[in-house]
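Each remark here refers to the structure printed beneath this line.
We call the chains A, B, C and D, going by the order they appear; numbering starts again at 1 in every chain.
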Amino acid sequence: MAYFQARTDLALEAREYVEDANGELRGVIVEEYEREKIGMHITKVQITTQNSAKLLGKPKGTYITLEIPGLCESGETSDVSEHHEEIAKEISLQLRELLPQKQESLQVLVVGLGNRDITADALGPAVAEHLYISRHMLQEFGEMGLGKNNFAITSCIVPGVMGKTGMETAEIVKGIVRETKPHAVLVIDALAARSTKRLNRTIQISNTGIHPGSGVGNHRNAIDEEALGIPVIAMGVPTVVDAATIVEDALEKMHKELNETAFLQARDSMVLNQLHNMYVTAKDIDTTIKRVSFTLAEALNMTFEEGVKQA
Amino acid sequence: MAYFQARTDLALEAREYVEDANGELRGVIVEEYEREKIGMHITKVQITTQNSAKLLGKPKGTYITLEIPGLCESGETSDVSEHHEEIAKEISLQLRELLPQKQESLQVLVVGLGNRDITADALGPAVAEHLYISRHMLQEFGEMGLGKNNFAITSCIVPGVMGKTGMETAEIVKGIVRETKPHAVLVIDALAARSTKRLNRTIQISNTGIHPGSGVGNHRNAIDEEALGIPVIAMGVPTVVDAATIVEDALEKMHKELNETAFLQARDSMVLNQLHNMYVTAKDIDTTIKRVSFTLAEALNMTFEEGVKQA
Amino acid sequence: MAYFQARTDLALEAREYVEDANGELRGVIVEEYEREKIGMHITKVQITTQNSAKLLGKPKGTYITLEIPGLCESGETSDVSEHHEEIAKEISLQLRELLPQKQESLQVLVVGLGNRDITADALGPAVAEHLYISRHMLQEFGEMGLGKNNFAITSCIVPGVMGKTGMETAEIVKGIVRETKPHAVLVIDALAARSTKRLNRTIQISNTGIHPGSGVGNHRNAIDEEALGIPVIAMGVPTVVDAATIVEDALEKMHKELNETAFLQARDSMVLNQLHNMYVTAKDIDTTIKRVSFTLAEALNMTFEEGVKQA
Amino acid sequence: MAYFQARTDLALEAREYVEDANGELRGVIVEEYEREKIGMHITKVQITTQNSAKLLGKPKGTYITLEIPGLCESGETSDVSEHHEEIAKEISLQLRELLPQKQESLQVLVVGLGNRDITADALGPAVAEHLYISRHMLQEFGEMGLGKNNFAITSCIVPGVMGKTGMETAEIVKGIVRETKPHAVLVIDALAARSTKRLNRTIQISNTGIHPGSGVGNHRNAIDEEALGIPVIAMGVPTVVDAATIVEDALEKMHKELNETAFLQARDSMVLNQLHNMYVTAKDIDTTIKRVSFTLAEALNMTFEEGVKQA
């Protein structure tokens, strides 16, 4: 059992963390693939039992993780990744697997979570900025307004953070869902990873929604199928590491390698309390957010354009 | 009767427009005051009959207009108006007259309408930025979280424009009101005036809500008491004039002064059709929006702080 | 001779304006082409004499105007014009004609003029945002740092407006040019047109630089070859019309068609003085600026990438 | 001697760091004061010899540090610190000590360093946004344009980061100084601290300018009196800690307390290499930057308004 609890939004990392100590894990199915051409590694983690959910601190469901070293790199002469197009296409394919299948056009409400005034937290608002939104065209002009038949019908909200709205995001989304009746909600958010090496190059797509503040249990503020009554797909990219995690990880490793006295001395040298409410992020986070949000938006636009034709 | 229909959000201007032709107007009560110290002229227009509402193209209700030449001027060495504090206080007093009176703390949802990416339309989002929001503090810490007893309890949403959300603003607000149950809604928006001389120096506060696109009649997208079931106060400042209005006003005047042949020749010289979807705005609109939104937010913060103590 | 002076930054319009009254014009050579596939009309105006320069209110030199109705339109399912790529290529070709030819890599300082806080004036800063800048790579890593040999070497400054800097833009640019010694300056700016029908769909490229405030004569604040000692190419898109122009144009037409008494009556009906410091702009200026700046930046990136290989 | 080199922009921290190991330090004079009413602790560090400069990794000169726990806190019902006014006044007093004294009005070029797209690095641009700039008023209207006689004359540039300009900031500033000839340069920048407990509540004012990338020695990119020929005052607030520093500080402490074997094991447990190019910052950095930049701008405006009357 780990000495500290993992602070990560990635199921992939939570699994590694538990596995380190326990080896195999019942109630968790893991599959892995490669997309060699674009250097993408895909891991599909399915948490199938309440027990394994509790152990990993993540709700039951499917978590698809795409590791793409080139995601936040610029091309030789352009501002986006060289494989931008192929990466977006692969993301779109994976996203489509988790979206519900409908006979009619799928109505999706996209929710861009996060704080647009903090660079590392602005992924959701930045993706929203680039989306092709169509619901009002349908309302106003009927099917003609969509440009093509069978386009997915999209709406989008950037609710803002609780310090500025005074409301839980879950309250805002619930209200809008009841009023506008989409078939599914797609939440975009910046995530926290446990390791800096995953920052800005990993995409997690899950069908378990969003559970701010906690893992399993506290459903008051959850944005998930249980709360909204429709499927909630969450898509995120880790952009920060909780600062305390960096030191905790070091201590975790020392705990195995040092004797108890040395470990306790080492732990007391650490300055964990001054890291409260601090996070670690990359120095070039502004260009990174621009590139990643551009590719994610492209993937979403691809999905919404062709989504229904495939159904 | 006017040759063209007035394109103005100001009841004050609509009244002048109709009055020009008709003299007195049944079903409209007008009172005027001066606040000489801060150079403020206050006009209270009450539209009391369905008939006068139709004639003015504005719903029945009360419209308070504050004309403040100094509103968008900088002080001698600071960035806000010299009378900033007194102006905010007077706005607060007028706003309080239209807000409902409660025994308990008043729960207000502020809605910052408009497009934050277009300077002249960004008043609502800019005011929202400066508000002191408290509802989540009450939820989390109880009355202690508010700092003082009997503070008004505020929440706030900046819904964004339909082209980016795919939803009517009325749908978004309705959903959030049903979920969070405020006592009143306060909508902040940039308005269109008919005359450039009113731009950025006039504040209109009304208890009639917002009726995008039309005046009376079309209630589908209205944000008003009838639609939401709670009082809706609207507060706005004209920042643009519809471009066609400038030419229409000139034609209107010519219509009275020229003979018919000359007038028709004059009208044909006008280029009205190229003004479709154009607006007129001030060249220094960026600093203006900053100053005005700062003063409006101050007025709102004053209102919310003391609002209930007065009740 | 025109009754009012034309307020336009477009040589094309200045010529039309004078031509309306005078027919042909000595000292002005005009050539026109079509690029039918992308619906582009190209006009090349050369002002060759001091006299014609004075008449048109524009300095001697070459003005290439690209009229592209599709420039600010979105594609069917994407956010940029369908012919985005071809349009950028054609702009790049025209731009290259005016840039100096060098044996070595061309060093260009791009200047993004305008106010990033006013949507209609933010074209320069928005284009700057998307540029591929390379000069510091060369300084740090030598030719290896550029990715390819013979890439043009680019630097970029967004100086901000005088109200915020307290300095003439010409002073800022002059200082930076002396210190960093580029071969040429490329200024990007939002322009004023005389007709709203040219807004957001016209690109003007000239080798005459920028002369804020006036046409010919006042060289104190000019950003041109005479002031900087190196070629200055200016590229701009009209995004606003001076509000007074709309009315002046109507009066101009009336002056020809009405008798003197009727005209004077008509003129007095006009409200020119209230239009001082006002401008007319499109209601969807935010998405327009995004699209146009994206296409212009693409054109510049193409030019800098291949510019020298062609030389 | 310290095991790792301190990564801090604060002379105060550099001194503590060296002192920990060495006790007293020749060539460094330290004075301390309290301003009890506003909870401010003032430390004045003078580095007087080349040797102590090298030891501390900071150029010779005077460093005034103001520690103000309330700097980034909001008041009870407003968005700025309760002692905002008094804090600004004290900062202004300290700043005035380092600014040159002139018989005539002092001409100051303010330089807002940093990246406006990264929240934690946006302090310089944010302060610049709120400054009262006057130089162009003097140029245009003479002394009348300044509102009062003997106002300090201010200009301001926000140069942007090298990745976007392709130029060293020193090149840009040097060019502008030569062209516009101010008496002094005042550089505003976000700093890196060594300890998170100093973040957002410490202001350092020095007369040594800015030396990006290194401490002493590398003068190529320095913005200081030697490079510009006029006094350069630097004012900054630490908003980030280099991520590697957190771990290095822990190791430093272990080095003293653990035996060598345990220490080496501990060190190997650390993940220093994954912290390259990462920084630690506060989660509420957006509201912090807003508050701090507002107070700093107020302090600067006070200084410029009264600066010369005192001389």
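The rule is short, and it goes like this: contacts are C-beta pairs under 8 Å (C-beta built on N, C-alpha and C of every residue); 3 or more make two chains touch, one makes a residue touch a chain.
The structure displayed is predicted, hence computed values, not measured ones.
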{"item": "Rotation angle (°) superposing Cα atoms of chain A on chain B, nearest 5", "value": "180"}
{"item": "Copies chain B and chain C touch via same or different residues, half shared test", "value": "same"}
{"item": "Farthest-lying chain, centroid of Cα atoms versus that of chain D", "value": "B"}
{"item": "Chain A-chain B separation of Cα centroids, rounded to whole Å", "value": "39"}
{"item": "Separation of mean Cα positions, chain C and chain B [Å, integer]", "value": "37"}
{"item": "Chain A and chain C: spacing of chain centres that average the CA atoms, whole Å", "value": "43"}
{"item": "Sequence positions of chain A contacting 2 or more other chains", "value": "163"}
{"item": "Contacting residues of chain B [partner chain A, same complex]", "value": "128-129, 133-137, 139, 153-160, 162-168, 171-172, 174-180"}
{"item": "Chain C - residues contacting chain B, complex", "value": "115, 117-120, 163, 195-197, 241, 243, 246-247, 249-251, 253-254, 257-259, 262, 265-266, 269-271, 274-275, 277-287"}
